[in-house]
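Take a look at the structure below.
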Amino acid sequence: MQMAPQMGYDRAITVFSPDGRLFQVEYAREAVRRGTTAVGIKAVDGVAVLVDKRITSRLMEPESIEKIFQIDQHIGAATSGLVADARVLIDRARVESQINRLVYDESIGVEVLAKKICDFKQTYTQYGGVRPFGTSLLIVGADDARVRLFETDPSGALLEYKATGIGAGRSAVMEIFEEKYREDMNCDEAILLGLEALYKAAEGKFEASTTEIGVIKLHEKLFCKLEEDDVASRVAEMKAKIGGEGAGEA
Amino acid sequence: MQMAPQMGYDRAITVFSPDGRLFQVEYAREAVRRGTTAVGIKAVDGVAVLVDKRITSRLMEPESIEKIFQIDQHIGAATSGLVADARVLIDRARVESQINRLVYDESIGVEVLAKKICDFKQTYTQYGGVRPFGTSLLIVGADDARVRLFETDPSGALLEYKATGIGAGRSAVMEIFEEKYREDMNCDEAILLGLEALYKAAEGKFEASTTEIGVIKLHEKLFCKLEEDDVASRVAEMKAKIGGEGAGEA
Amino acid sequence: MQMAPQMGYDRAITVFSPDGRLFQVEYAREAVRRGTTAVGIKAVDGVAVLVDKRITSRLMEPESIEKIFQIDQHIGAATSGLVADARVLIDRARVESQINRLVYDESIGVEVLAKKICDFKQTYTQYGGVRPFGTSLLIVGADDARVRLFETDPSGALLEYKATGIGAGRSAVMEIFEEKYREDMNCDEAILLGLEALYKAAEGKFEASTTEIGVIKLHEKLFCKLEEDDVASRVAEMKAKIGGEGAGEA
Amino acid sequence: MQMAPQMGYDRAITVFSPDGRLFQVEYAREAVRRGTTAVGIKAVDGVAVLVDKRITSRLMEPESIEKIFQIDQHIGAATSGLVADARVLIDRARVESQINRLVYDESIGVEVLAKKICDFKQTYTQYGGVRPFGTSLLIVGADDARVRLFETDPSGALLEYKATGIGAGRSAVMEIFEEKYREDMNCDEAILLGLEALYKAAEGKFEASTTEIGVIKLHEKLFCKLEEDDVASRVAEMKAKIGGEGAGEA
Amino acid sequence: MQMAPQMGYDRAITVFSPDGRLFQVEYAREAVRRGTTAVGIKAVDGVAVLVDKRITSRLMEPESIEKIFQIDQHIGAATSGLVADARVLIDRARVESQINRLVYDESIGVEVLAKKICDFKQTYTQYGGVRPFGTSLLIVGADDARVRLFETDPSGALLEYKATGIGAGRSAVMEIFEEKYREDMNCDEAILLGLEALYKAAEGKFEASTTEIGVIKLHEKLFCKLEEDDVASRVAEMKAKIGGEGAGEA
Amino acid sequence: MQMAPQMGYDRAITVFSPDGRLFQVEYAREAVRRGTTAVGIKAVDGVAVLVDKRITSRLMEPESIEKIFQIDQHIGAATSGLVADARVLIDRARVESQINRLVYDESIGVEVLAKKICDFKQTYTQYGGVRPFGTSLLIVGADDARVRLFETDPSGALLEYKATGIGAGRSAVMEIFEEKYREDMNCDEAILLGLEALYKAAEGKFEASTTEIGVIKLHEKLFCKLEEDDVASRVAEMKAKIGGEGAGEA
Amino acid sequence: MQMAPQMGYDRAITVFSPDGRLFQVEYAREAVRRGTTAVGIKAVDGVAVLVDKRITSRLMEPESIEKIFQIDQHIGAATSGLVADARVLIDRARVESQINRLVYDESIGVEVLAKKICDFKQTYTQYGGVRPFGTSLLIVGADDARVRLFETDPSGALLEYKATGIGAGRSAVMEIFEEKYREDMNCDEAILLGLEALYKAAEGKFEASTTEIGVIKLHEKLFCKLEEDDVASRVAEMKAKIGGEGAGEA
């Protein structure tokens, strides 16, 4: 981090520093920057989220490291940062979704849900006696006519992206997206690009077995995670393509 | 910032400094000074707000960076500063508007609404355990016989202007308005002047695609945002005019 | 300010310093000393308050800088200090007035109201978790047989004056009143003296357009602000008189 | 003040210092020591309180500086210290008096009332989040067969005196009382002695117009303040007597 | 005091120091050590408490300095330390006594009452936001078959003594008791010994007029204070006896 | 104490130090280590607790220093540390016992009770605004088929022992138990061993008159304290035995 | 620990450090790292937890040091860290299990329970006025078709393992598991491996008498602790095997 905080402004939660910053929120973002890399990419026919779960021991059960969650039939999310904080936010999102179904008898809008989560997060940056959430979310989903991809950060700010990344590999990921993302990609191309971004962010330490992919197609409006086999074949395809490119480049 | 705060007065929220200032409120204003530039201009037949959204990546969805909001049919607002704080204030304003409709069966007065928002903000500067809002609002609207343009800041102070600006470009904007603003302008002229102000504040880094304009005409009393095409043609007109002036000046 | 506070006594709100002072209250008074100058003057047939609003930009709407408020039919007030705090106190005063009408079916006594506001202010100097109000009020009104002029400060202290001033120009104003105030003045003479005091406090930077005057006559018992024309002609009269005096003096 | 507090024990309200003192309470006493001088004197036929109001400007309304208050028909009080705190205590005392009338259908005992006020004050020295009251009271009154004169200080301690003083001139006043007070004085003599004490404490800067005197006679049991004329003639008498003594001494 | 507290452990109320002490409680004991000296002595036929009230001015009403209180018919108490805190504890004790009468229709046991007061005191040493009581009590009374003499200190600890002292003269008093106290003394002898102890603790500055004595006889079970005359004659007797001893010693 | 705490971790109650310790809990244990020595010993036919009350003045009533308490018919406890804290815990234990009788109509299990007390203590180590209890308890009792001996410390940890000690003499006591305790001892032998341990921990300063012994036999299930005579004869027996051993050793 | 915390970030509970860490949570983990070693291992036909209880004195009752707890018929847990905190969590888990039975009339899922405990723990890391739990749990159980093994840490993070360890010996244990664990082990082999891990972590100071083993078989779904004899024979088998291996290695 490039900042040199003046003594003390950053130790009380709800205090501005002289240059108008909330250090606790910036430090919570730092917790996200230490997290696993997750990317989200929109395609013409759907939207995908991909996570590199960074499993460090063969003794772990890979599926217990959950970074992609289904919120509702038509909404999913990928998380980065403190895992226990993420679980709290995911639970909150699921409850908000069900409340919407009960009260209005229809599924919640993706943006409505994303705003509710962000309002919840904002509260933890303005009142004393709590700390901000140390977690960012990528929220994806399908509304009537289009897919959505929102990023929320610890401040409660909300942005929609065409393609974006959170976590340790964010800057590597964004560089690739700035260069290669095209709005006319279909879902399969988008996933391939996402895998490439994760691969490069991980500097090669990247395996199909620790990669999670969630997709929602515009016409189905059903969020689902890809099967392990499917993930493996896509990773293989990506590696082949990059090898080819690398060869082409060489 | 020009001040050299004595150690400590600026770290507890509700404390006066020896010279009678509330540093936390001044630091929250600093958060606004780091925000996007927004301007508001009154005309004889309406009032407009314009924002330069400062989009930094082509991967963002421009419409997700919302800086101009409709509060009620006859009221709109532009914000600068912490975006999550702004959303809280906008929500509050919308609820106050609806309460007025329900209780009195009529639309809320623009000044009444602006005062309610300011009273809400003031509370966060006098009680412990919270921080001030790091957001300024330009609230525009049409009452029975005239248009209004209010500016609120983090202290809860309320001022009405003929033309004003908030955010990073405020001083550049005000300089232009002091020089060129005329009370007999019509809406189109006012918008042109506002675009010129944003253009100069951005030192040329300014595009139609990231500019948002909201207008309310006195006779219609309906706040609406201009279409992208409309914005684009006005920006072009402004650039042509400045070029002409520049030529004239040269 | 002439004091050199010992480290720390002035940063926690409800704490006495070793010499028995409440620094936070004294600093809040400092906020008033940085405010706009307001004066109040009793006459035999009424009482007036005058404020120099210090408008710094032609882009402001002068009437939005409200420094003189009607509290009830027979009571008005002028404020100096933090404007958002002033609004809270004025709202409170208005509510207290209406409660008195509802409960006792008669208008509230001027002194009763002033005490209620002061008790409210005192609370903010004795309990933790809040800061004192950074605002002084001049409360004027007419009871059955006489007019009243109260000054309240951030400590909740209450004093009645024949003529007094608050805000940045207080000492200049008091000097003039000590020299020239006479108890047998009528309202017009009192207003003229008040304008002279404001004029001298502003060291000449003083215009009719930014001057607000509120008056209540003893026989009418109706507080009202003077029209712009009326203010302008009185300012002109005052300037002529001072010029004459200056000539006489020269 | 003669003490050299160890760093820190005096900044948190409810904390003992190593030598068993509560600095905040001692500092609140210091606030009283900076206040106006008030004296109380018992006589065989009544008890009186006298205050030197220290009016500094001819623009003040002298009667608005109220230092002697009627609590109930048979009880009065003089105050010194923070005036806003004093008002809170006087209000509390009046309410306690009325509660006693309502509940028991008889007037409250003077000592009972004084204890209630002291218990109220003690609370503000033992619990966090509040500061002690910066006010001392002299409470005088008449019970069935005798008059009472109580002094309360910021700690909530309660003492009865034959004659005593509070405020800036306390030590000067006590010196005179130690020398000249006699228990067989009647009310008029007592008032004369009280005026002499105030006169000497003020080092001659003392006028009838800013002196307030409250008296309660044992047989009437009605607390009342003396009329201005009455005060003036007694001050004249006192000055004559001192002059005579001074002559005698010379 | 002999301790050198490490910085900081003694400024927050409910915090242990590294050697397992609660400094705030020890400092509150120091407040007691600065208080007036009180002694209690058991005899075969009763128990007595005696206090040296240390009146410093002839202007005080001696009876207003109350250091011995009746709690119930069969229970009394002497206090030392902060007088306002003592009053709170005495009130509490009286209420507990009356509750016992109302609930069980019998007088409260002396030990039961002493424990209730100590439990009340303990609470103020374990929870935040309050300070311990700066007062010790000697509680005396008569149960069915014997008299009791309890001492409570600011920690809430409870001890029963045959003879003991609290306040400034405690160590001088205890020295005398250790030397001269006999369990077969009767009440009159015990009072004489108590007076001697107070006399020696005061280093001779000791007068009958400022001495208070409370006694409860085992067969009567009625706590009462001795009349002034009675106190005076006993003081005279004590002085004679000491003089004789002194002569014998010489 | 052997630790050198880093500045600050030990002054806020609920804070971990960098090496994972809760200093406040450790300091509360230190308060226990400064307390009177108490021991508990299991025998085949019962369990006993013994305390050396350390009476320092002949003026104290020895029985008022209570260190062994009956909780219920079949449960007793010995305490060490802050005596006022101990009383709170003993009261709590008695109430829990009675609740069990009322709710389930049977006596509470010894372990159930010990756990409830420990859970109560734990609460005071995890939440702010309170300090831990500065008291350890030895809880003894008889369940259906066996006797129990639990030790609780300020952290709320619970351990069962065959024989153990708390307070100032703990390490001396444990040394003796490690050497001499046998599981096949009967109650009389166990008490003798306990007395020997107390005797050695006190380095000879040990008297029957200040020793308290509580016993519960397995077949009776009635906790009772031994009479003074009984204690005296056992102490004599112990001293004889040690003398003999000493002789034997010599 | 390898970290050098900046002054102050680690003393307030809910505060992020500049690099995005919550020191209090990391210090609570340190409390676990000082705890007893516990291991959990999945087998094809069940799952086992084993603990080395580290009993330091022959006077302790070994069964009172409980480190393995039954939560429900089909769920057990092993704990490491602060024992009083562990008891709170175990109680909570048992209550959650029973609530599930009452509300849904079926046994709680192992993962559902583990998540509830983790959500409970997370709360203590985000809100002020409490400290995190200084305890990790290994939660084992059998659902319909498979066994589960979860590890929770003070942050509220949740991970499932094939084999894992917590407490002082964690790194030694994990090294052995990484080397020797096979997924096709049966329960007996798994227990043998677990004992070997504990043995090596304890560097030989390891006895059957202080070892606790809990097992749940997939087909029975009943968690139970092994009998002492059973444990002893397995420890003997393990030592023999290691000896053999050692011989083989030599």
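We call the chains A, B, C, D, E, F and G, going by the order they appear; numbering starts again at 1 in every chain.
Heads up, the rule we're going with is that a residue touches a chain if its C-beta (ideal position, glycine included) is under 8 Å from a C-beta of that chain, and two chains touch if they have at least 3 such contacts.
For clarity, every value in this text was computed on a predicted model and none was experimentally measured.
Shared contact partners of chain B and chain F are absent; no chain touches both. Here the CA centre of chain B is 57 Å from the CA centre of chain G. Centroids built from CA atoms put chain F at 32 Å from chain E. Counting partners per residue, chain D has 8, 12, 128-129 as the residues that reach two or more other chains.
Taken as a graph of touching chains, this assembly forms a single closed ring in which every chain touches exactly two others. Traversing the ring of touching chains from chain A and stepping first to chain B, the chains occur in the order A, B, C, D, E, F, G. The part of chain C that touches chain B in the complex is made up of residues 1, 3, 5, 8, 10-13, 23-24, 27-34, 57-61, 63-65, 82-85, 87-88, 91, 124, 128-134. Considering their complex, residues 8-9, 12, 14-22, 115, 118-119, 121-122, 125-129, 150, 155-164, 174, 177-178, 181 of chain D touch chain E.
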